[in-house]
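Reading through the structure tokens given below for one structure.
Letters are used for the chains, namely A, B and C, taken in the order the chains are written, and counting of residues starts over at 1 for each.
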């Protein structure tokens, strides 16, 4: 009797109970929502578009996490600050003066291009400085040590920016070109969302080309595979790691511009929550995998947008939009219970875990 | 580094630019302006002056050390040039602020800042003075190095101690007023700063003390070392007894406000001890540790509150075990799904759990049970039986032939921080004892085996599931206890008190203190929780300092202030290896 | 080991010295911790018969009051604004009962922990007579308890949560405020939406902050009491940026005629802008509250402010005093008023000064004694106090405000009052 009891895998049973409970809740909520027929088709497509747009930003930021994790196996907590620094600087020193002078309205495309380039450059500079000062000497240190310096760097940049440029919300100019909607897919889609999605797709394709085809990209991949062997093959590991940071930060810089275009306000703290979300997305997709980061970001954005209305509304939960992060993180746990390596991740080798 | 006989101006150039950038950064973020009027020693030096000129002094001294030891003139030159260059970025700032309205971009580049950078003169004259002052400081810093070591160290020590006391003048003067007398306090402090004469005396006293200690520490230590072992043991017991007595006396010495600060530190020590088990002993990186703190706090709140949300009117003491058990249970429930995850997957999932708990506490969904955004109010403070009065009554009544005191006995509410301190102290002592015993136990060794290598640990027959879950449960229990104290201390709790910051703070403090080390937790809490609280007026820059501290600390001393015994051994061997390899390299270079 | 040992022995000596000091102190650490002034010549030495105790200021000593306002962090404009109000009140008043006044400015951090720490710091100083604060209700709840138990008093210029003056909830003796109760503002905005705008359906969004949640709730109750329908009552989180899903959800539930979101700058600006972009909310009237009244908010909202309303305390005060006040504010701090509770802080400070003058006992040599219980009694008995914010009369639980709520809109970047 006793031995049979001991044979039951309590943990397994418990996990199955969790999965079953969540699935029942999801199915129940979804069915109730759909049966109640609260939302029109237009609203459903809106939810999807909002989610894809938000997810695109997560994806671009998540790539930075995943690239750095791929080569250094460290959580670069300061990555959200790379995202913030570029666009915050560009907004205060470029976008607002250009807008006040009326120049931005006359040359919106050129203006946005300049803003984007400056945002990328600043993000990259911040990233390189951070890597040089806070991470480079810690390559061989225990894993918690670079995590702590990354947290420290994150606090440092946030508060430096607050002291430097002020703690209040800064408006990002509204551009005529990006205002209004375009009829598409049987609904009206905001122009700015279309821009976000197209830019993201271009950036992802470009990144893919860079990583797969170019020599530097190959160097990054080989350093990710094995630093020592890469060094033996004549690859400058330090330089490659710096390039990895540059690539990630440039993506974050672009994500910052998209963020500013969509939300039209920036703030020194704007990088923290998207940073955490993007990290979640990177893990969700399988950390270390670039397509994983993109898919993870999209998934997360969509779940945050559609999830509360689809799953929770039907359950009759009051103020269910409050719980969207609960959905996001629950989904993360659920995915990781089923697939501990994330959606597209390879099972972790011992040294990477 | 190869030291050249020639003058290499690139050295002071590089150091000078770094110093200049630091000074510039301090200026444009506004901390210099904020602390410019904050005297450390009345009429002599203010905190803003120290902050503005410290980079020139410290970095010029570093630059001067780069010169060859025999070439005193070169090192003086290095110091001078470094000091000179420190002023350059500031002068550019002055020029730009005079020419444009920089304030529209950078709110802290205010006229006040420019005025104090130019010493109230015109931009040109002010810039020249600034240049002269920083150059002189660089020169002096370089010259200071010529003094023999046995004079340098006491002087530095005296300076540091005096300035530190200057920073905490306000609190110290309040304490001296209460402990000794108003006149005494006024004799030492003027406003919120040390009096000049007292500061000079203090400086001299500390310097002489340090000098004597440096001269005679060997004989003193030798004398202690040569004591008979039995006497040493007696002395050690005595010291422990005195420490305990001191621990009990702290509230009387510290007064209300400092006791409050110490209680806050204690609450974080308690959490740190718990997270130390999870991260330090078992190596499970938990970024959502605040979840259990919140669960403990809400359990205490709901069980004891006198408001409408209360489920029972338990006393503080009756609720404590429930809080601990509920938190430990939550530790297991949240631990099960993450059992098979490793490293950073674990980190993000636990972070997610922390956020889930906070959002649920905040949500309208659970508002009818735990108050939602409005929190839980009217949580009573702990009450204890007034043993002193009971025993007194017992004897008095016995003597007079009256009926002896019976339950309910006379009680006192532990309202003031000085009283609440003892509860926090007891909790910390308990957690310390448990951590210490667990660390030495079979379970503790199993945790460490899991930390070093899970697969090997499993291979040698350690049950991963129960080992990990026990770590989660014990860690969560400490955190729950801490949360229960927190709720009772605050008498009202809101979901905003349970943000991710707390998890990060606790993780940082155990690593700053030295991971796996129990005294390290205390030191880390004092630095990361106590200090910021005492320096409330600079709260705006708290997180900036915090960030710099974390980075600098990890670069300079990655093993923490008080490394655990195991870590110390590891680091030592690593150092030796590095030294050995460095030696071989230099040998090869020759 | 030896080193530790040496350190410990030094500690031991230090401990002995310190504990000797500790014993030397008189045990009177209870509230009436009063400096004993020696005045041998005085024929009748003052005897304190106050129930709590007296504070005594020697002839050359300033009266010390404290402020506990949020002066750092994202909400610092709210607290600094009030602190400036206190400072100007001190400047205008000059001397009180023949003494200067010194302000000890503390930070409430806009959080429960911050409020408690500030409170403990204040009550550890027996020379402080009372407090102007806190800024945030969340900080006020624990602080009022600390202040009350120590025998001090506090007058808040900007706490609006109903629980703070509810004796069954978080009210403690010694707590008063010159700010309006949330219930007043909730009723006013509901009245405006229902009766003035003639809208019968409304939705409300809060962000989980105790202030916004309380106000949203008050609005919901008042709007329903007037006969209106709340079609959606939901929430976002602080730090959220994509409000479109929430707004789409609100649109799906109604769409409502009136949308009230009394949240703070960042989320307020996002909601204001994105509500225009969500299908179904084109005809909905948007309204925020005083958490979103600041220059930064007006800039961040930008063009989306057209057609939007703000509810908040009416600061279009009449009278020469307020003119002088604003002139002094601009002169001293180089800025127009930062937020909306400076006048409330000014009035709170003057209420305290009036009571000090009426209950303080001034000896011939200029020594001033103030009874703490007498101070409380005097403050609660305030009637017909003539301040900037109106004529203040305190009730038994310390609600002193002469509450006036106004509705404003943005015209050319400035908030302009349009109702009543």
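Some notes on this structure:
One rule holds in what follows: a residue touches a chain if its C-beta (ideal position, glycine included) is under 8 Å from a C-beta of that chain, and two chains touch if they have at least 3 such contacts.
Keep in mind that this is a model prediction, so the values were computed, not measured.
Here A-C and A-B were compared by C-beta pairs in contact; the pair with more is A-B. Taking the mean of each chain's C-alpha atoms, the chain whose centre lies closest to the overall C-alpha mean is B.
Centre to centre, using the average C-alpha position, chain A and chain B are separated by 32 Å. With each centre defined as the average position of its C-alpha atoms, the distance from chain A to chain C rounds to 39 Å.
Annotation for chain A: residues 318-320, 322, 325 touch two or more other chains.
The residues of chain B that reach two or more other chains are 359, 362-364, 540, listed in rising order.
Multi-chain contact residues of chain C (touching two or more other chains): 73, 76, 208, 235, 237. Within the complex, the chain B residues that touch chain A are 25, 28-31, 105-108, 279, 285, 336-345, 347-349, 351-353, 355-356, 359-360, 362-365, 367, 455, 465, 500, 504, 507-508, 511-512, 515, 540-541, 543-544, 546-551, 554-555, 558.
By the touch criterion given at the top, residues 38-40, 42-43, 46-47, 50-51, 54, 167-171, 174, 188, 190, 259, 263-265, 267, 269-270, 272-274, 304-306, 308-309, 313, 318-322, 324-325 of chain A touch chain C in their complex.
Residue ranges on chain A touching chain B, taken from their complex, read 11, 14-15, 18, 69, 73, 75, 92-93, 133-134, 137-138, 141-149, 151-160, 162-166, 276, 279-280, 283, 287, 317-320, 322-323, 325-326, 328-330, 332-333, 336-337, 340, 342, 348, 350, 352-353.
Residues 174, 178-180, 182, 217, 220-221, 224-225, 232, 235-236, 238-239, 242-243, 245-246, 249, 252-253, 255-261, 264, 307, 359, 362-364, 372-375, 377-378, 415-417, 489-497, 533, 536-537, 539-540 of chain B touch chain C in their complex. Taken together, the chain C residues at the contact with chain A in this complex read 73-74, 76, 208, 233-237, 239-242, 244-246, 248-249, 251-253, 265-266, 269-270, 273, 277-280, 294, 296-297, 299-300, 302-303.
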